[in-house]
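Shared between the two complexes below is chain A, which has chain B as its partner in the first and chain C in the second.
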Partner chain A sequence: MSAYEISVLSVIGLNVMLAVSLNIISGFCGQVSLGHGAFYGAGAYGAALTMIAWSSVPLSLFMGTAVGAVFGLIVGFASLRVRSDFLAVTTIGVNFLFTGFVRKQSWLGGEMGISGIPGSGLSSTGNMIMILVFAALTIAISFYISRSWMGFAFRAVSQDEDAAATLGINSGAYKLAAFGIGTALAGLAGGLYAFFTQFITADTFDFILSVMLMAMVVIGGIGSTTGVVVAAIALTLLPEAIRFVNDYRLLVFGGLLVLVIRLAPGGIADLTRRFVIPAAKA
Partner chain B sequence: MTGILDLDDIAVRFGGVRAVDGVTLSVARGDFIGLIGPNGAGKTTLIRLVAGIIRPDRGRIVLDQKDVTKASTASRVRKGLALTHQLVRPFREMTVLENVALAAGYRRTSNPLRAALLVERRPEYERAAALLIRVGLAGTERKLAGSLPLGQMKRLEVARALALDPHIVLFDEPLAGLNQAEAARQIETITSIHAQGITVVLVEHNLEEVLRSCKRLIVLNDGRVIGDGDPESVIADSGVQEAYVGSGTGTYALH
Partner chain C sequence: MYYIDLGVTGLSFGCMYAMMAVGLTLVYGLLRILHIAHAAVFALGAYLTVLVANATGNIGLGFLAAIAVTPLFGMGVYRLLYEPLLRYRPDVPMIASVGLLVLMQDAFRIAFGEQGVTFHSNRYAFMIFDLAGVRVNAVQIAIIACAIIVFVGLHLFTTRSRIGIGWRATVSRPKIATSFGVDAIKVRYLNFAIGSALAALAGGLVGMLNNLVDPAIGYVVSYKALAIIVLGGLGSVRGTLIASLVLGMVETYGTIFMGAWLNRDAIAFVALIALLMIRPQGFTGARTA
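Our next item is the complex of A and B:
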């Protein structure tokens, strides 16, 4: 495998982790978050600092996960106070605050970021396999959640919080759980990213990334794990395959997002259910 | 204060309006209460206060000997309270069966971390299917709840409430918008719920049906209780007559 292919597969693995974890928050539980990049970044910085201080790969990945989750739970508390559109705006703010804060902190490397992060000791192929294993694990967790009673209750909270309360479901606790799980996985992805590049800067985790991740969730089909995985893979490969898409990435993703919301709000998952499966049966 | 539900001097105001203005009443276990009153009397507000959807400015709400004045709706439901909404609130994107099964799984969903460890749904689906037969919704299991006509949604609300194993059910206008046959069927279900030992509070505009089934009638006007007792004598009370129909000559309107 060429270095390029290894790099692309690694990025696919990371994007799948991020999109699937965002789908747990926004798809399963209905809490629109446009700041997922910030939790990814928090995990990356947490893991990088841990690695520099203690040079332990498992501890660094654990710290990345923990930092993402703690940060996510704090923002989750905000979701108990504000709803839908306001939550979206709040999370955008969180993302800008995160990048703005990191840029000004000398202990986080400021504008220059953190370079020279010790490697994981694995070859680049080994790193890629580690990322893909965690991506597979994330997908498995996502499928498991939708089968569990937690996933069942998430659907209720995402459709009608007040009606959920009259069935004895504590919506607040479920929202916190969704944020905690989703941002922990994003933090873990951040830790893996730190080992993948061994160099991180705040710009990587900006609002643009968060919008791209939301585009993957919406285009894949809000709430559908399979659809989101397919979209994350496709939208990572598209700019690699087509030069035009790479040059006008935001324009193309933005356009796709508008088209999907306008013409097929259920995304790839719903289109497959409606057209491909009936056609296969016929 | 020994009833299944006790309200002690409950009051709430919205802006300058005293929606509920010092209501004290005790619901005994096994009661079948009709709660009536003119439009704007505060019936739905009272139900929402009891359910914890809104909080009172003063007073105490005691459910099954426990003070729940500050408790959330979800925790009141887990203490045995159920309600059906005046405007139906099914989970429209779930099937009818899922709607009821989710309610039947209230013990499994009480805490998200516990819920995350539980996968088995069969007992709840079986329970839900049985309840759907009971309320007359057999055959609709696989339909999306949002696709049901109003009459069936109203029955779905009843099935969901029953799935919570309640000790007391608050029905907020369960007959509104139903045709005669549907209303008769619905009141039959409610009567059978009471017959199985569940306390029933029925808020309803259809006075004829209320008088036929309830054992105790409470009349609300301007946020206050103006009549409370056995239906015949409450209806005969001149104050109630006046409040309800605007004058003492409106007796016919009540029968």
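Our next item is the complex of A and C:
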């Protein structure tokens, strides 16, 4: 495999992890988060600093996950206070705070970021395989949650919190669980990213990234793991496959987001359910 | 005098935020949609101002064009994007709105270049008055004056004219207003038209102040405006005005005192998040979120 293919596959793996983990929070549990990039970044910074200090790959990945989860739980507490579109505004704020804060911290590298992060010791192919394994694991976790009692509770909270409460579902606890799991996975992806590029800056984890992740979830179909995986792969490949798309990346992503919500709010998953499956049966 | 200079800067920023945010808060009051793409209207206004001003050599014509065209755009966004989405959860139209903002910002970048457009002849941006030792830019004075005219006008319109009273009635109690014969749909169009014109005016003025209109002009304003309308209590014009002025001041002085560990744009969100944690319904809002 060429270096180019390896890097594209690695990015696909990372984006799948991020989109699927965001889908657990926003799709399953209905808590719209437009700041997923911040947790990804927190994980990347956590892992990078751990690697520089102790140069242990497993410990760094663990720290990335832990930092993402702790940060996510703090924001999760916000979801207990504010709902729906207000939560979205709060998470946008969290994203701006994260990048604004990191840029000013000299111990986090400030505007220049952290460069020269020690490698994982694996070849670039090995790195890619590690990312893809974790991406597969993330997908498996998402399917498992979706079919478990917790997935049921998430959907109940998402559809009607008051009705869920009458069934004895503690919506606060489940919202925190969704945030904790989703952001831990984003933090893990951040750790993997730190090893993939060995160089991180705050700009990578800005609000635009969060919007693109949300675009993947919405275009794939909010709440559908398969749809989100397909959308994450397709939207990562699109700028690579069609050259002009790379220059107009945001134009295309924004346009797709508007069109999909306007014409097919259920995304790819809903379109397949409506057209492809009946057609196969007929 | 340094601190008074800063105060004038803060005041002019506050006035600019107020003109930008008032349309947003009224859209939320009417439709419960966070109209994030309002920032794209702001940017559109700025671009129209600079392009028409450069083409005709007259800045006044630029503003006229911006104020004439953006209401049509705002009403179009309502008709084509929001109206069909009203039956979904409020975050659905909001995500569509984010999409529209990202799309338009990138369209501006592609159409008019990464570097942005500067005014060919904009002597006001460099005209500085010395008022008893306080140095004030002509555009800053224009922003403050425009805001005063706009808010006095808006106040008179919504308290004295029949249409304005109907507008206010629809924002606070849509069903009762409709039963009294107010056309709620017309009110929505009116709302998007006026809000867009004010955002365009603010955009044009900011373009003049910086002597530059670049593709990023709308981004930060958009999220700050969200912070402002939440702080001001959604749907309340007075609250929005107060929150805008306070934010303008806090930001300007905050950059001096907190600039070492937080950048200017993050300060608004610290205030926002802190407030939302204490009062999830906003500063003045009695309505639940």
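Descriptive notes on the structure:
Heads up, the rule we're going with is that the second predicted complex is superposed on the first by the 282 of 282 C-alpha atoms of A that agree within 3 Å, B and C clash if a C-alpha of one lies under 4 Å from a C-alpha of the other, contacts with A are read in each partner's own complex, and residues count from 1 in each chain.
Going forward, a contact is a pair of C-beta atoms (placed from the backbone, for glycine too) under 8 Å apart; a residue touches a chain by one contact, two chains touch by 3 or more.
Everything numeric in this text was worked out from a predicted model, so none of it was measured.
Contacts of A:Val258 after superposition on the shared chain: chain C is touched, whereas chain B is not.
Contacts of A:Gly100 after superposition: chain C is touched, whereas chain B is not reached.
In the superposed model, A:Phe62 makes contact with neither chain B nor chain C. Looking at the shared chain after the overlay, A:Phe199 reaches neither chain B nor chain C. In the superposed pair of complexes, A:Asp162 makes contact with chain B only, with no contact to chain C. Looking at the superposed arrangement, the partner reaching more residues of chain A, out of chain B and chain C, is C. In the superposed pair of complexes, A:Ala173 makes contact with chain B only, with no contact to chain C.
In the superposed pair of complexes, A:Trp149 makes contact with chain B only, with no contact to chain C. When both complexes are aligned on chain A by C-alpha atoms, no chain A residue touches chain B in the first and chain C in the second.
Listed in rising order, the residues of chain B touching chain A in the complex are 51, 53, 72-75, 77-78, 82-83, 85, 89-94, 98, 102-103, 105-106, 108-113, 115-119, 121, 160, 164.
Chain A makes touch with chain B in their complex at residues 144-145, 147-150, 152-153, 155-156, 159-160, 162-171, 173-174, 176-177. Listed in rising order, the residues of chain C touching chain A in the complex are 32, 34, 80-81, 84-85, 88-96, 98-107, 110, 223, 226-227, 230, 259-263, 265-266, 269-270, 272-273, 276-277, 280, 289. Those residues of chain A that touch chain C in the shared complex are 32, 34, 78, 81-86, 88-90, 92-94, 96-97, 99-101, 103-105, 207-208, 211, 214-215, 218, 247-251, 253-258, 261-262, 265.
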